[in-house]
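Each chain carries a letter (A, B, C and D) given by its place in the written order, and its residues are counted from 1.
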Amino acid sequence: MIVVMKGGCTKEEINTVVCRIEEYGLKAHVSQGVEHTIIGILGQIFPELQDRMELLPGVEEVIPISKPYKLASREFHPQNTVVTINDITIGGDEIVVMAGPCAVETEEQLLTTALAVKASGANILRGGAFKPSTSPYHFRGLGEEGLKLLAKVREETGMPVITEVMTPKDVELVAGYADILQIGARNMQNFILLDEVGKTNKPVMLKRGLSATIQEWLLAAEYILAQGNDQVILCERGIRTFETHTRYTMDVSAIPAIKKVSHLPIIADPSHATGKWYLVTPVALAAIAAGADGLMVEVHPNPDLALKDGAQSLTFDNFGKLMSQLTPIAQATGRKLAVSGIKASP
Amino acid sequence: MIVVMKGGCTKEEINTVVCRIEEYGLKAHVSQGVEHTIIGILGQIFPELQDRMELLPGVEEVIPISKPYKLASREFHPQNTVVTINDITIGGDEIVVMAGPCAVETEEQLLTTALAVKASGANILRGGAFKPSTSPYHFRGLGEEGLKLLAKVREETGMPVITEVMTPKDVELVAGYADILQIGARNMQNFILLDEVGKTNKPVMLKRGLSATIQEWLLAAEYILAQGNDQVILCERGIRTFETHTRYTMDVSAIPAIKKVSHLPIIADPSHATGKWYLVTPVALAAIAAGADGLMVEVHPNPDLALKDGAQSLTFDNFGKLMSQLTPIAQATGRKLAVSGIKASP
Amino acid sequence: MIVVMKGGCTKEEINTVVCRIEEYGLKAHVSQGVEHTIIGILGQIFPELQDRMELLPGVEEVIPISKPYKLASREFHPQNTVVTINDITIGGDEIVVMAGPCAVETEEQLLTTALAVKASGANILRGGAFKPSTSPYHFRGLGEEGLKLLAKVREETGMPVITEVMTPKDVELVAGYADILQIGARNMQNFILLDEVGKTNKPVMLKRGLSATIQEWLLAAEYILAQGNDQVILCERGIRTFETHTRYTMDVSAIPAIKKVSHLPIIADPSHATGKWYLVTPVALAAIAAGADGLMVEVHPNPDLALKDGAQSLTFDNFGKLMSQLTPIAQATGRKLAVSGIKASP
Amino acid sequence: MIVVMKGGCTKEEINTVVCRIEEYGLKAHVSQGVEHTIIGILGQIFPELQDRMELLPGVEEVIPISKPYKLASREFHPQNTVVTINDITIGGDEIVVMAGPCAVETEEQLLTTALAVKASGANILRGGAFKPSTSPYHFRGLGEEGLKLLAKVREETGMPVITEVMTPKDVELVAGYADILQIGARNMQNFILLDEVGKTNKPVMLKRGLSATIQEWLLAAEYILAQGNDQVILCERGIRTFETHTRYTMDVSAIPAIKKVSHLPIIADPSHATGKWYLVTPVALAAIAAGADGLMVEVHPNPDLALKDGAQSLTFDNFGKLMSQLTPIAQATGRKLAVSGIKASP
């Protein structure tokens, strides 16, 4: 941590800063610049230090040097984390595709969708039983009934299941059915929920918050990792910007940026990012080309009758086309689509 | 709801849209423009309709006309909602000031702060017992111990207490101690928490999410109102923008904008919005001049030793100055500072 | 254009709106909804109409239906525009790569770079002679001297040249040297400059403004097209968002979105979008996978000695690697890299 | 400037950085931290240094310490700049109000508006002769004809005139008519225009760019100051954010933030910031309460017939109400409205 003193600060002010640093058992390292005196702080920095230093007289600015996350950082954990679900790996050489309806509606809807996406090469079945919704008057999901349908369709198709958990009290329930627990974008900083899923032994997919910086996102992952659960998958799903033509803005640069600073796998959700079905495929291909470890895509038998997010759902046909365009892109990046979901047919 | 057809759409496509509308028991009203055919939908619109219409062939765009919130809208409830806590009113003629430390640390810290802010004219004591924190390694609050200290200091000072509840399971606990339940910005779309506080009989202060639109904010309020709790106070606390000079950007226009479309009281939190103590007072004055019903301000006996958010906390002295500048501003807008907190001295 | 009346508006207010519409020689089409009366306006809408209608008593909102741009829209011009420079086409089957230094510094720097990028497969040489710079104290380019060096190196390598023009008075000068005129992001709404390049017969590459919506971008293109110059290439170069990890946020969804609503070719600039050389290649690949017609990439013989934007410049080696990864991605999307620049060797 | 080395960097890498610094005639100051080695650079930093250091092997990050602007900074120029136009001062004790139509349309429109706003207490007449417009099909102003009308109405009312100059070649022309030159938001980084107005002896009002940071804004001011023109007034006019309820988001915190870091006067434009006439007054009052030195407000005799920006224009009546609410707010902040415009009546 570095303390930058104001232009005309006094010797006394510098001394006060140095004394305060030493009171905390840290070392101060003063360096006289042309315009500014700079004081480096050496030792085990504690979180409140920055605020405290900023308020001392004569201080212009305090600049943290170390990243605030550890367990999520590549510095701490140089090799890639690979999450394994049955015979599927996420974060290794394979590209994994999670597909299915936004919300579980009926057994028939779920089963036909699962069979269709599996036939096209999807590996993991997605489907919401508990659905966050901007309005209290919209469909909020089937709840446990939906979880049971997911389990049943997993039985029939052999596909592992990912589904969202929205609140701490449901973690045990959802973990009883799901193969991967999903934390939605609006819950990325629901810290108690993060603690709770961190205590399970299930992989957790953590969506990026609507306006979360990369650092805040990794700090949210750190909550889960700090509880001992190291099976965390990140999911870039678009950030909120001034542009309203698309529902959100897919931050495609975040994919290689995360790969640089963290060891965690990262997948992309082009359905929520764009909000428009005809943008899903190009943006999905872009994410893989940028190095994403997989995709999460919304597919519905009849998007124009869906209870939720129809406008961004692919038909079976369009999903098939996406998968066939995905194969050469994956190869072009030196990777291949995971095939396990397909082999393990019922 | 209005369906805009594409430039060269066919008669058949128009017919399909009209039929689909009528299948839902709604009326379609076709109107041939120079460039586009437009189809108005009359009747009781349901939430999924927009998505469904957008996917029909020949449709360019679907435009909703009615606002998605009802109970929170001024159209539905023309007169201002006034929330009453003891003899303090929020949303009427009085300007109410909530002040206190970011986090409850010790009884002494809380009591001296309460006495100091009360002496300067604050009406309600703020203080966090459960603290959301971006990093798992930062101070997360004293928990129930903090709630007990709040209750004790309320006893000693006569000041009602506002404190945050972070998760559904704590709602009953926190409601047992607090006079106002606070929902933090990161929980604005924690829908299950909103349901839960909506079931209590305590006033709820709902902070705006970091990147929530005014409409999403009012829909979050709608969740609480829909459960039967009509004592909702909104709190503008800054939104996330590209500007990093301040911690967030205080959206001062949101204050009169909310007043126009909603009947709910709205207060401002200049401490979180700016993140810098020396910006708190000018931004507080601005919020009141723009029509806010009150303020929430962080005050600490020793900001440079605070366990949380020291950089944005006012000293007792600076808070006193804020209050003395606030009085003439309130008068200039035809309002006056609430005085109840002061009279009820211990 | 649609006028939405307020919930409880009077018949008189509706009549006033209808009369005003008819005074303008337009037709009004009234439609009574459950909550709102809606008035469609039929006829040749003029730009000020929306503002004027919004101010009439009883009006809640005015919603434009037609897009405000014509010449840039795919509706008006369904087939793709293909811009031709010598034997290179932009907007057709080929992927074109523009590469070179951010700023022209010396003949040697420019020539070695041109030869290196050409050897790796680049088609067009980029290099700034007039450089916009956030600070008045930074390098602002060699001016006409730089243009002369560009022309000389074009002579020696056979590569067409793209370079920026910053102000109307320089248009003629720059057009005398350049094969493509570049309009920088900060000048996207320099309307007089847009008029001026619209009057030349040179292709114009129009970068997206830092916070320009897709619609504003196409309206800026419309300025150029409206002057009779139909050789416009769009360039997505990242938008400004809250995320500061990258310099800007590459809006990869804008690429297929532009393809949907416009016929103009679009290329991507991953160097400016990311600001970090190690993110350039993955983001470049993503842009091509999303359907971009080409790339603009900054390359420098010694990025750590560059006079401008060294941190985002690729070395010759890294550019070579980018090109070799690009080939299979282009193939995977059914396209191929343009080869003309390579054949036309000096 | 501080160079932060990577966690496991080698001694050789540190040496290379130190050598490179010394090659530039600067001093390096190495400091070994727990996790990172930090190298301070002492001496006269040049602009390209940051980029160059970032690219050296083993370097994690380079952090600039000094602000990139000098002439605009309060550190360099501690006392407030006060701009004087006739007997009006901007940046001192007085609050100055600039009012008038968005665009000059006719002599009658301009004169009646000038007389009305003057009668209500406005000091300076605003009116656009050259108008930037998002669409090429909208009204772009009367040009020199408009300037002549402004001069004529100045003659008749005694009000100084502020009007926009959009392009370098018009600077001389506009400076021949105007008392203050206005640089619009979209031209904030039109660097050649900034150079040009910097060479005149007229005060310049520099609007903040739509997505300009405070630092970029001050650097734009630095361009003008660096040419020798020290009469610069800043104007906060709203920034672009995700919120679409208002046209832009008035960044009210920027007002005290600018006062802290710069000596330049700052005024606010609530008309463009909000885009809605009924939000103009509360936001204007907020800006003054936050410490702004004045306002720029759009007023039109018949907003519903305005050729430009009618929706955000005040009627004469509403402007009168704004002014009467402004007086006590100004007093509450220890200031008073400038009265010169009123005394100098024709």
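Everything that follows uses one rule, which is that a residue touches a chain if its C-beta (ideal position, glycine included) is under 8 Å from a C-beta of that chain, and two chains touch if they have at least 3 such contacts.
Nothing here was measured: the structure is a model prediction, and the numbers come from that model.
**Student:** What chains do chain C and chain D have as common neighbours?
**Tutor:** For chain C paired with chain D, the chains in contact with each are A, B, in label order.
**Student:** Pick out whichever of the two, A-B or B-C, is joined by more C-beta pairs in contact.
**Tutor:** Most C-beta pairs in contact, of the two: A-B.
**Student:** Which whole number of Å gives the spacing of the CA centres of chain B and chain C?
**Tutor:** Between these chains, centre-to-centre, one finds 39 Å.
**Student:** Taking each chain's centre as the mean of its CA atoms, how far is chain B from chain D in angstrom?
**Tutor:** Distance between chain centres: 31 Å.
**Student:** What whole-Å value do you get for the distance between chain A and chain B if each is reduced to the mean of its CA atoms?
**Tutor:** Averaging C-alpha atoms per chain gives centres 27 Å apart.
**Student:** At least two partner chains per residue is the criterion; list those residues in chain A.
**Tutor:** Where chain A meets two or more other chains at a single residue, that happens at 211, 240-242, 244.
**Student:** Show me the residue ranges of chain A that touch chain D in the complex, using the header's touch definition.
**Tutor:** Interface residues on chain A, with respect to chain D: 2, 4, 6-7, 29, 31-36, 38, 40, 42-44, 61, 63, 65-66, 75, 211, 240-242, 244.
**Student:** Within the complex, which stretch of chain D touches chain C?
**Tutor:** 47-48, 50-52, 54-56, 68-69, 132-140, 166-169, 186-187, 189-193, 210-211, 216, 219, 222-223, 226, 240, 277, 303-311
**Student:** Quick one: which bits of chain C touch chain A in the complex? Just the residue numbers, please.
**Tutor:** The contact residues of chain C facing chain A are 211, 213-215, 239, 241-246, 249-257, 260, 273-274, 278-279, 282-283, 285-291, 325, 328-329, 331-333.
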